[in-house]
């Protein structure tokens, strides 16, 4: 750890000591039992993975441990701290650091200031001249470098960061604060392999220093790469706690969702020879995309792989009218189009599923029904008047089709992260687009539902539509796509046939620093 | 498509809804409690007069003009905007409707007033939606501009339309005991409720107010929708200006003065959020009634002019504080924030 | 590393995201352009009078009281709140400072005024921070309550302190040609800038305004900080009340009337965001000067009273529109929103 | 240093005596424009300025002494020789006006600040009210009523001087005329027609047996007149204690001696403006010295009722 140990040298727990004890934890929201009697211990110097389907209660448990929410019943004790943790301030004193699924970043602060946010905590007196100095220091850059944000300027506004960068930025606080428990709630959901290595390093350092790390993720390979034990939640109850070395991904999956996962079949190849491409992009510039050309044929699922910042989202946004292209042409079925706004793109049946759920994904004051119907509403109305019966019945169907844990009247913002993502996917696919760009579509979605989403994507393509999937998971693209493009520095640098490539090929191509 | 049985059965899920609708609704209706409390006070102190036919008619008349303006303010606030020019715009609509061509007919006045209101709204809306300016500063400019035009139009002297007598007659006409002006208000309430709750446009207004980025990236025509909101608000204000003529039969230069504060207050006390995306027509109506009843009651109680403002202020503070006591206590208990 | 042909190297990317700090700063200073344009107009039309010593002194005096209030408004707006009670609170502070114990001394008046302002701010802040009420409605209640107390305290009749003559002398004292009142304002500007930019408290204020959830979960004491903001704003307003006495030597019942609109307008035109988290002291000062210059200029140009409001409004609209033309054009080109 | 070193009133026009009317600049600081009375004064003043050829700087203060102070300073910066001020606050502007008057001769119109300035041309609100009150008393007595119940529409809470005088004058007039009265309620109508109408509605609802609604100006009384058109108020009458606004005079004229708008008092904006501007011009051109004037002079005070309405009603006047 780099810094400033503030809370004295109070005896750090030894590896193997109990770090926290949760007894009979219940958390009930109106109409939902998010947690229903969980007993769990964590030990110092271990990585405890928490697995479970979407809405199983993982984030809820993490929030209770971090003191952000108060349990309906039961008690959490943190070692070295006398009282049960009751609120965020107490948890902070007890040394609990939480990384939220939706990272809490102050948009109007610079990157550097966000690193040192903890210095604004309660109890610290008003020290003149104390605030500005740190945020641009050598130390700040070092800290940022450790979480893979070395290329950022410290005085850049946090507002301009992408979701992946936001996650890593909030993670940088782990480097500057002193804590006994660190909670990573899907911190890896929108990060690429590159950042995962930074996280691995961080976790390793923390663990050696005796920190208890709680790791929540839907990526089982990461869980197995990192954890010592795996706690499995299902419907708010603790199903089992397993030693990682003594179990297999299949067993965990079975515990999580009640049955084993079927392997996802790679899609049958589509015939593209001699056909007219559905979408033809030529020399596209915009955002970080710098001269991108590619075709998508009807019936095709094309993957777009690359590191964070390689320009994938810029491509996705620009070809769907979310952002205006600086230059380049886009043809749809051979006809050149100008997509200057999402509305225009929608008129041409071209849509973009955002990777930034927090900002652009759903309307926070809308319930699931309203969010799902937002795009297609004009189709469900006559003369501008909404056909409510149609809306209601179709929303119900969508909810079951996409396995959303929540009803039509539930506020989308109160859903678990994965379920929010399902609502957003449903919203877009319901508009029956000809060409759809899915940016990190399975972000935060559990393995069970993931298979379901894959099938939905395939069924879209099967109707002679085009799909472009942007993902940071090489494995996902390999099993999902007909073709994979790899981007680097704003350009497409390679194309792979999934049946002839493996994860390493993709990662290597994405990382290589020369052509 | 055939769901692939790996996940828990979806049919069990709708239970996970927000809490019972009735409780939820009651919780959010603290404006209603304030109103009930006020009516209780009115009944106890001046019951017979307050509930008398004359006073009820007066009350209805007193709230119908501001009521229409409040509706306009509501839709603007729903988008996350604010319109502080409503009072001046109402004055402008009233004065020009009274003075243009000499104000020969009530119907022509309606057309003129609504057009003037619509123009003011269109300018506000264009600057906000297409130029991306802060609504507060735009409508502040309009507040001064419109009021200035009112003064300039009549050199500060009231403008009496030729049809003053017809306006006066019209303004006090009742239909089955209910003043027409109040009926116009109620029709507008129904219209706005319909637009907001039952049309695509209404849904878009809420979406824009709640999360403008999500709205934009979902393909909603944000700018034109925003513009239409300000225009509609302007039309309502223009209508209010015409109703002003119906009620007072004269386009005074102070028409609508300081109305903006009361309109915003009614919207906010009715539960709408100033940052947008949340608020109900019902709440705005209750808010309108609250402020009308407060003013009426202070008059009926013959509270000294010197004390009226103090009473009004204290009443507002006590009411909003009391109304939230129980909820915030509950909130703290569960959330411990 | 060997960068590849056309694409910018990754290390160069962050540059592409935000332009140079100077350009950035200039871009955000459209208030400054408005001011420069106004000064140009003033110079062309009434140069000799406008830049005359008398008028500059008048101008400084005219903006110093509202200037202090604007600072209070600014910190409240930075938290995402709004305070529309500043005008009434200023009036209350002035009237009570003038009347309590007969207003025997200027210094006692300062203490009383500041305490009154602080109390008003503390009540507002408590309701906002600890009761979670909407700042608009709270300060609306306070607006009416404080103004009502002003009326009630003197039955609407101005209160002349015993030390009226000393107040008058004090108010027109100058130090090296600069009125003391203006010096007090400038000292407050420096103080608030220091607090906002150089202390933990200031950072907390910005953090809360920008993202209250993030602030809370980072362990920032949200409630007490919010409370302190409203109290500080109240103290500034109280100081403004005392300065009012220094300038007018009488606690009139209209003291501070409608000041809130101008204060908010100055803050907003100075570039602060009403939803909080963004805004600069420099901008607020420029905003203050803009409105003072507009009022002064309209007087100097002897624009007909009937047209003054219209001119002021049109000026505001034209200014903010023009100032953003280039930026919004640029923004649209790159962002395509 | 001090901006206003002296507290003695100026003894001659600011910037020295001007040779003729064409080179004179007169500042006119009006207190507000919200009531037609004040607006009419401006129209009149501008007319006179045009006729006589002097330069008129006219500003209106929205009832706020602070704004008025700024405006007066701006007028002085522009080289006004003499200042005509309709003060916003009788008591509250003492120090302010002492400062201003130390640099420029100040003539008050309508509302003055005692012990400051050189002279004041005002309507005698007490007398005007009394004259109107006497006419109203006579009407009720003629109709066989010797005692009435009345409600009053007052100005805003900030109305320290004019309103209370008009009110007192009117009540004195009723008493002098031999009419007993009880006041059932008093509410502010802000001197505005629409606010006056609403306040009258409320007071009449609470006191349906009222005989008379008194407005302290015609605007408010006109609002009340709208209310008493309702059938349930057919025995309610309206009177104003001052102004003589055209619309009110028209009603008195129309109704004759059975009309329900009984009386008002003459408070002529044009008379006052004429007189004040005359003094200002004389002082500025050196024809007279500030010390030649008495501290106070009054414009003509009469009550207007159905009997003398023909003398005062001019359908073509501005006010």
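Going by the order they are written in, the chains are A, B, C and D; count residues from 1 in each one.
Everything that follows uses one rule, which is that a contact is a pair of C-beta atoms (placed from the backbone, for glycine too) under 8 Å apart; a residue touches a chain by one contact, two chains touch by 3 or more.
Each chain and its UniProt protein: A = Ribose transport system ATP-binding protein; B, C = Ribose transport system permease protein.
Just so you know, these numbers come straight off a predicted model, no measurement behind them.
Trainee: Counting C-beta pairs in contact, which comes out ahead: C-D or B-D?
Mentor: When C-D is set beside B-D, the one with more contacts is C-D.
Trainee: Could you state the distance in Å from the CA-based centre of chain B to that of chain C?
Mentor: 28
Trainee: Using the average of all C-alpha atoms in each chain as its centre, how far is it in Å between chain C and chain D?
Mentor: Comparing mean C-alpha positions, chain D is 36 Å from chain C.
Trainee: Using the average of all C-alpha atoms in each chain as its centre, how far is it in Å between chain A and chain D?
Mentor: Distance between chain centres: 72 Å.
Trainee: Do you know which chain C residues sit against two or more other chains?
Mentor: Only 151, 155-156, 216, 304-306, 308, 337 qualify.
Trainee: What are the residues of chain D that contact at least two other chains?
Mentor: 33, 39, 42, 156-157
Trainee: Going by the touch rule set out above, which residues of chain A reach two or more other chains?
Mentor: Answer for chain A, listing residues that touch two or more other chains: 88, 341.
Trainee: All pairs of touching chains?
Mentor: Here the touching chain pairs work out to A-B, A-C, B-C, B-D, C-D.
Trainee: Can you list the chain D residues touching chain C in their complex?
Mentor: 1-4, 30, 33, 39, 42, 57-60, 62-66, 69-71, 73-79, 88-89, 91-96, 98-99, 156-160
Trainee: What does chain B use to touch chain A in their complex?
Mentor: Going through chain B, the ones touching chain A are 1, 3-8, 10-11, 13-19, 21, 198-201, 203, 206-207, 209-211, 213-221, 277-278, 334-337.
Trainee: Mind listing the chain A positions that touch chain C in their complex?
Mentor: 68, 88-89, 92, 98, 100, 104-109, 113, 117-122, 124-132, 151-153, 155-157, 160, 288, 290-291, 309, 321, 323-324, 326, 340-341, 489-491, 513-515
Trainee: What residues of chain C sit close enough to touch chain B in their complex?
Mentor: Listed in rising order, the residues are 82, 84, 123, 127, 131-134, 136-138, 140-149, 151-152, 155-156, 216, 261, 264-265, 268-269, 273-275, 304-317, 320-321, 324-325, 328, 331, 337.
Trainee: Tell me, which parts of chain C touch chain D in their complex?
Mentor: Against chain D, the touching part of chain C is residues 46, 49, 52, 54-55, 57-58, 62, 65, 151, 155-158, 160, 164-165, 167-169, 172-175, 177, 179, 244, 247-255, 257-258, 295-296, 299-300, 302, 304-306, 308.
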